Structure formats: C-alpha cells, structure tokens
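In order of appearance the chains are A, B, C and D, and numbering begins at 1 in each one.
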Amino acid sequence: MITIIAGTNRPNSNARVISEIYAGLLKERNIDCQILDLVDLPNDFTNTALYDNCGQDEGFNQLVSIIEQSEKAVFIIPEYNNSIPGVLKTFIDGFPYPNVLRNKKTALVGISTGTQGGALAISHFTDILNYLGVHVLAVKPRLMFIHKNLHQGKLTNTLYQDLLNEQIDSLLNF
Amino acid sequence: MITIIAGTNRPNSNARVISEIYAGLLKERNIDCQILDLVDLPNDFTNTALYDNCGQDEGFNQLVSIIEQSEKAVFIIPEYNNSIPGVLKTFIDGFPYPNVLRNKKTALVGISTGTQGGALAISHFTDILNYLGVHVLAVKPRLMFIHKNLHQGKLTNTLYQDLLNEQIDSLLNF
Amino acid sequence: MITIIAGTNRPNSNARVISEIYAGLLKERNIDCQILDLVDLPNDFTNTALYDNCGQDEGFNQLVSIIEQSEKAVFIIPEYNNSIPGVLKTFIDGFPYPNVLRNKKTALVGISTGTQGGALAISHFTDILNYLGVHVLAVKPRLMFIHKNLHQGKLTNTLYQDLLNEQIDSLLNF
Amino acid sequence: MITIIAGTNRPNSNARVISEIYAGLLKERNIDCQILDLVDLPNDFTNTALYDNCGQDEGFNQLVSIIEQSEKAVFIIPEYNNSIPGVLKTFIDGFPYPNVLRNKKTALVGISTGTQGGALAISHFTDILNYLGVHVLAVKPRLMFIHKNLHQGKLTNTLYQDLLNEQIDSLLNF
C-alpha cells in the first residue's frame, strides 16, 4: 500500500488534484494506494495534538494511522513562501515517537504556481525526513506553473506526466 | 521598537524563556522591545486565518500587527525535527500580502535540547525570510543543550549570554 | 568600491558576461566597481593555497586582496549540479583567517541554463557566507535559461535587467 | 564493492583516518571495499579536468573509474566553512555525463572539529547527489569534535563507533 499525501490543508488544492492524478497512474499499474489530504486535519489540531497533547486527538491519530499502515509514501508538496506548507510540518511535529514514517521509503513531488517548482521546499523536507530516518527517493519532480498545466483535473503537460511516471518506476524499485 | 518572537505555540516554552532573557538584555541598553509568543495564536488559526480566510481572524491579525509596528524582529527558533516549528511557518503562511516583514531587518537564534542548536532550522528560516524580502543578520547563535543551560529563567552558560550580546551589538548596527 | 565576482573558472563564462553587464549598471550610477573573474585563479591553487599552504600562493593572494579592498561584493553564481561551482567554494576555503569578507555586505545573483536559476546554489552560498559573518542581501535574482537571454554580451530579457537594477537599489541601501 | 571517499585533498586528513576505520568495520563483515582519497587528485585538475577538458585528464579519470566500478559509495565529509570542501564539489563537477554515481546508493558521514558535525555540509551534499539521481541513506552520522575523539588512528568514542556500525547495517539493506 502506498499513501499519497496532499501536503496542504487548503480546500480543493492543486496538491489534491495532483494526488488524484498520481493515484490514477499507480492504479494503471495495479498498485494499491490511498490519498491522505491534509484538509482533513482537525481545525484546532495545533492546540490538541502537539507536545503534551501528542496522541490525544482522535481525528489526528486517524490520519497518522493511515501512514502507519502503508509501506511507502508520496508527498505532493506545494511551495509556500519558499518552503513547505507550515501545516505539513505541523502534521509531522505531531507524530508520536517513534516516528511512524521511520525506515519507510518516500517520494516527493514539488508543485508551484511560480518558477521554482518547490526546489527549496523539497530540499527542506528531505532534511526533515532524513533526520527522522525516512529514506527519500533521489528523483523529485518539480512541477512549476502548475495552474497553467492543469485542466479539469488532468495534466495538460505531457512532460509532467512523464516525470511522474519515471518517479513511479524508480519508487517501485527503491 | 524590536519585537522578539517566541517561535512555538508550546506553552511555557524554552523559546519564551530565552525571549524574556533577550528582552532583558535589550532593556539593559534602553532599547524598546516587546515579546510575541506564538502560544497566543488562536487555537483554530490553521482553519480561520489562511488562504481564502487570510485577514479574517482578528486574534491572528493582532499578532501580525505587533510585527507590523516594529522596525526589527528577533526570532527565537526551537529546532523541531531538524527544521523550524510547523506552527512558526504556518504563522508566516497566514501573513497578508505584501508581507509585513518585508524590508525589515531580523536576527535569528536557534535553540535545541540536542546537539545541533537549530543549524538546519535557521538555514531553512533564512531561505524563507530572504524570499520574502526580509534581511537576516549573519550572526545566528545556536544554543544547543538548552535545557542544561537554563535555571530558573536565567542562562547559566556565560558563553551563551556573550553570544546573545554579540548578536545584539551586530543587530543594532544592521 | 564594489567587487563583482564571476563565480567560476570556466573560460569565457556567462558569469563573466553577467559581471560585465552588472558593472555597466553600476557605472551608469557612478559607482566604482571592479570584476574578479575566477578564471584568473592559479592552475594548481588547490595544491598551493589551501590548508598548511594558506597564504603562500602569491597569485591567489592577489585575488583575495581585491576583495579585501572593497566594501561590498556581488557574487554572480552559476548553478553547477544543484549547488555553487566547486571552484568558488575552494576559493573561499583558501581565505586566510580572519576572513576578508567578514562584516561586509554582499549580493548574490544565480544563473543557470536550466529552470532553477541557482535556487539551491544561492541558498547554500548564503549558509556559507552567513557562517563567515558576511551579510547577504535578501534580494537574490535567479536568472534561468540564461543562454536564451543573452545576445552579444547584452541581456535581451528586460525583466532580468529590471531584477538586477532592483537588486542594486537594495544593495546601495543595505 | 563499496568505495569510501575521503572528501578532501588535505594531506593526512581526519577524513582519511575515518575512511580507514570505516574500511576496517566493513572488512570485519567481509565486505569488499576500497578507499579513494581526494589527496590523489591531480594538482592542476581545476584546469585540466573541467568544462571543455572534461574526460581529458588521465589521473582524474582514474579516480572517477574507481567510483564507476563500485556498487555503493560512502562519503566521509569534513565540514569546511559550513558546507562541503570545495575540492569535493569540484571533483563532482568534473564527472562526465551521464554521471557515474547515477542510481547508486550512498551513505554520508559528517565530521568537524567544531560543534556541528557537518550538519549543513551533509544537507548540501544530499541536494547535490539527489539532483544527480543518486540515492542517499537517511542515516547520516555527524561526528563533531572529531580531533578529540581520535587517537592513533582509532575512535576513542564508542558512541561514534556505534553510529558508524548502525549506518553500515542500514547501508547494507539500502
């Protein structure tokens, strides 16, 4: 089982659309997968799921257990202010110890409406995951100008579709 | 006016204690300062202050206006999972455009209970601030094993006190 | 005096061309400047100017003294393998202690033939300079697809020229 | 075959000493390994092995072919000025295309005489290797105060020896 994480709590995000597309590419290969959209985080999780409250918020725990059950994870990471969404990092900060991602293999996809495609975001997130003992696939596509390359839930840029398929090839052998 | 930001919403954090110490050092020099502790973020701000709700949460807006009124800012940044606290990044992600920190001069202090003193945290935060047009002082003390160097709200390590004073010297001329 | 450093030893580099353009923009404002092109590094400087040989290579020392005499520095940084040129870092590694850049103010320009414009290169170089006590201007233009935007020593992309002029405005007030 | 790269051209470096220790740990497990010490780089390789001269320097090519023949690589990386040695990056910059490390699995060890243990150095090098399609093991020991923890070619700090052995366990399963 591979979990695809839409890495923002923005409703109806492009990260969610890319997650759906990614899931479609995996299903074409008969790979089991599920989507975890951070829009489903409890509204007050920064108050109920961190620090001394770690493990106390049932809604938060359910999202963590989805990752726990999966062998591999794919993070679809929108670039916010030259890094990852704060909400994605806060989600990680709420994980119980030992970390549920530990020793899992992961793949990162950066997306942005600007020119960078999340270059720094995926670098920062690699630092975070590696520190937690999580392996990160070297192949990390950056999908820049994402809003110009999506139409009605489909990627209109065949290069981007090729990049995702190459990453999947690599992830399945990682 | 200099604002010191305790960069986590953890109650009674070491970041808050260091913020108080920092304020004391500024006051010894007769510099006006105030503390903004992210523990005062609204409980559900990830739901009420981001994206389409940007600018809609009065409690959040009040924290932003504290920064807006100050000329310089000092961020006390605890290291969480080899980066900055997710909550600090989420606070930044909720800023209105144009960013209230733009063109201000800032100083960063990294703190950790481990060996790094926030080395990666302050690197990541520099990437974020520079992207937003915010200048970051080169001098960035890293206070490692912070819990062993604090006692009853005082720094017991004179090196750490010297490092903070050197940063203040540099910040006042920045 | 501002020194502009063409940050590679590649002969006839685009970094050199951008350095010339940058010098032209400064001269339009009657600002004194000079170019230091790393193509002028001694051929064997990795053997004669580092570690126990620090300070022993006259040709190397002359390049260092050019920086020493200037108040501010601008680094034109081509992206090599998702970071700065090794030769630029080796140049820095050969600096005597205390570092001649210490407390100076610097500006960075990233250039690349690919899509990133040196995003990671300028992040890494900021880490290096800040560690050495060197202030880095927040405004860091990234000039991507540089080979398509240069013709006979001129920038054909007016956006890029505007970005350089905005950086100069900011550097002069830094 | 695993190649261990002593990541500096400094003669008699601590990186070489750690490389020998690492080789000893691999041999205890009957794993074939060899050491590549960057002290063996040709003196003028920045002039003879880069850019239009790529592939032209026989001495340089021999070092590259050592890596080419190995399945996995371990980089022992001293921290120089808050990043990797310039010479290590320059070595990578001279690699022919397609990169000989591509798709190989690698492990990184950071060493420093200061407090960081190469935290930023290994982050920067991960950015570089991942960009080149090289997988990096999440487990990256940082050996700080290395000069106080070595005596006559042996690690006197058993924690450091444990960290290297844990990395080897993980590398063999990577």
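Throughout what follows, a contact is a pair of C-beta atoms (placed from the backbone, for glycine too) under 8 Å apart; a residue touches a chain by one contact, two chains touch by 3 or more.
If you're wondering where the values come from, they're calculated on a predicted model, not measured in any experiment.
Trainee: What's the call on subunit A versus subunit C, same or different interface residues, using the half cut on shared numbers?
Mentor: Copies use mostly the same positions to touch.
Trainee: Of the pairs C-D, A-C or B-D, which has an interface that repeats that of A-B (more than half of the contact pairs shared)?
Mentor: From the options C-D, A-C or B-D, the copy of A-B is C-D.
Trainee: Measuring between Cα centroids, which chain is at the maximum distance from subunit D?
Mentor: When every chain centre is compared against subunit D, the largest gap points to B.
Trainee: Please tell me the distance, in whole Å, between the geometric centres of subunit A and subunit C computed from their C-alpha atoms.
Mentor: Here subunit A and subunit C have centroids separated by 36 Å.
Trainee: State, to the nearest whole Å, the distance from the C-alpha centre of subunit A to the C-alpha centre of subunit D.
Mentor: 31
Trainee: Note the residues in subunit C that touch 2 or more other chains, in rising order.
Mentor: If we look for residues of subunit C contacting two or more partner chains, we find 120, 123, 127, 130-132.
Trainee: Where on subunit A does subunit C make contact in their complex?
Mentor: 115-117, 119-120, 123, 142, 144
Trainee: Enumerate the contact residues on subunit B facing subunit A in the complex.
Mentor: Going through subunit B, the ones touching subunit A are 9-11, 41, 43-48, 50-52, 80-93, 120, 124, 127-128, 130-132.
Trainee: Can you list the subunit C residues touching subunit B in their complex?
Mentor: Subunit C reaches subunit B through residues 123, 126-127, 129-140, 174.
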